[in-house]
């Protein structure tokens, strides 16, 4: 029962960062890295590049923010949000590549990559496609068995991580509407992305109640350890600022997962 | 005096491999990896990609071939052979990225990256541009201080490596004509790439005499520990085969550098 | 009845060309353009680039070869052979872009683009996906209503072209095995690509009999006006040479479609 | 004498637009296209892509904005602002490609490409490198001899255009500081990009006085027919809005060049 909970569990606050090209404009990312506890850094496939990755890693280390590899399809024009029929063996190689590249950038900054999170269409594919999820997990295991897999509750990625002996963490979304089956309302639906007020409310509900109000008004249990704000949601920086403040107001303990 | 040498020093035989996209055609590379002692693998910038890199690493491990990171400009259309005005700080990040990606692929194959060699226009830039060379060396040091820098004798890269505490190895070319100042005849000159017969002769001359006959007929001392065949030289596989046989005939000891 | 045909219809012989990057290696393409009557030029998405396109157009004009736009997915790593979930509206824009770019290159060479043929996974998608096929046709109509659509018999692209008032031409394949339902044996099957002897025989059978022997030995009627050799089939240049000679021997009239 | 001028000449107001990837975020561009008289659309090399180009063309036609091809180096990571050693013959082909692609997108939207303007490092190269400028002009002539070349006063591009029989238009910058020799203060200088107040003042000065106050306080004659705001200048949309209002206040006639 919701009312019985007296002490909200610790919650990690993360943002997708480094979703740009080149070195000419990363000001919002700098802001994110002062506010979040984890940063999912684009690895040059769906967005980002070596220069941005290096900068993100340095900022993350400066602000003691946990570094995650945001691995995606090599489809910059589609921002990694279009399905690409990458075979599992290709996905294995592309995960090695992206994670390895970020590990080097993180090491150069005096940090390390703590987790791996698929992006966009690959994130959604890994919900149900066990072969794809297993390929990602296999690449993680080989590169660094301490890497943590991050995915939605129920994702095949979490199951594969468990099978592969990797730790994993369940993720909730601040700025995206949930359907009553626990999936995200797809971006093709105009109500997919929440406005700021609703997003802040949803963050607090998830963090303190272990539940989320879905787009049909029902209450869905949702236990997660990390909350994500998308870097390209309009006014994402303001949103993260307000979410952080609101979480503190309701007594949530904002701290990275172990 | 040339005639006095009785025992040719050990020589490493290397090829540039993985200079393709995708998984649809790498047959020559498979051949190379049965013949060489070192393989310089393109890292997805001037050529190659994750799928090819993974395959190259696996073949290299199978055949006990040393793995090198062939880092280049992110200019696939120019095959890394056009100058790109990448700032040293960008070059540092791009070297981290490429070497890190290959390290992960090598580790997955049960191997490791032993050396780093710039490609094309970046190789030539590192001959004289100490800032660029230092950026590459700094990235190498941070990622893995055991990495060996490979470059032409006299290259700023070798000096920077020494300054940075990295080991380095001098490289000679089998299939490219030398000018009397020790530089390569540029590719814009029709005589830049040697025919097979001349290339085989040059390989033996370098390996056994520590010298090369330049394009004006003079003899130039040239002490190198590794000999490179370019992967895109016409009939490169046949060339490597014949070079290998010829080196054995003249008593050279073909083995990787330490 | 096969035996009754006394005069084989005219047949166009085409190759996929320009499937490279940059200017450093296009020798086979030069050979193709002396042998074929039509050249499907990659437009920089799945392969090729501006430099190669310009060269291909110039060679095509020199040899009076018809120029076609080989439009594909923007997936160079997958060589356009992986499905990418490009929405029809995106496909419309990407076809405009690719065809427009080639038109400019052709005009500069004193030629013109005569036809459009989707490549790889897009070619296969257009067999059945009427929305995708309609998007391609719409882009063609807008750019130049004289463009001819090229596709397999039965393809949705041919039907959409007819609906949109565009002419179209049915295509057969020299180097790919047919299944008994008229589809190509997929590339994942080791028997997908025919050896040279079988390919030459298939070319003649299609050109003179209006039929093809499928991979289960049955004879399938197949009426096409153009025959394609893939540029990346091993020894493609030799294959085209022999196909051309064989077609002449059996009395086929090799000429471009109108 | 400045004070004597009673009727300011007509001035074109342009913005660089479409400098994004994919379809997920172009809201500022939509704003620009309601405010400017000319739009320089990125052609997929330094930025932009087919989907964005199509949208930009449609918006430009809706708002009766003149369409220009903003051609650049194929260096997305460097945003076209790094020198790339593209040979003139390559530049010719790459200009054909980019302009051709935009012509098709413009035609599909019911518009046409009116002018060509190099971007970033290519713009600066064309100031002095006559070979490069001639290559761009030659491509323009071949594709459409009605295309107008846009460049800074004194640029080799303007001279080459005249030689090649093309019309050209001189361009001034709203948001960039001028040095006393008429060049732009380079972006590596922190004072390169003007703040809003100074930018608005500079726009009015150029439009009404035919002169600009340089970074050392001197007054430099500067006769231009079009004024450009960079799309990636911070708060560019607000800047364009205020520039437009200010130009009207001072009596400038904002209209496209012929």
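Letters A, B, C and D name the chains as they come in the text, with residue numbers starting at 1 for each one.
By our rule, a residue touches a chain if its C-beta (ideal position, glycine included) is under 8 Å from a C-beta of that chain, and two chains touch if they have at least 3 such contacts.
Given the structure is predicted, the values throughout are model-derived calculations rather than measurements.
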So which chains are sitting against chain C and chain D at once? A, B
Looking at Cα centroids only, farthest away from chain A lies chain C
Using CA atom averages as chain centres, what separation in Å is found between chain A and chain C? 43
What's the distance between the Cα centroids of chain B and chain C, rounded to whole Å? 39
Considering chain A alone, which of its residues make contact with at least two other chains? 49-51, 74, 77-78
Using the touch rule from the top, collect the residues of chain B that touch chain D in their complex. 74-75, 77-78, 82-87, 90, 121
What does chain D use to touch chain A in their complex? 21-22, 24-25, 47, 49-51, 76-79, 81, 232
Chain B touches which residues of chain A in the complex? 23, 44, 49-51, 53-54, 74, 89-90, 92-94, 96-105, 107-108, 139, 142-143
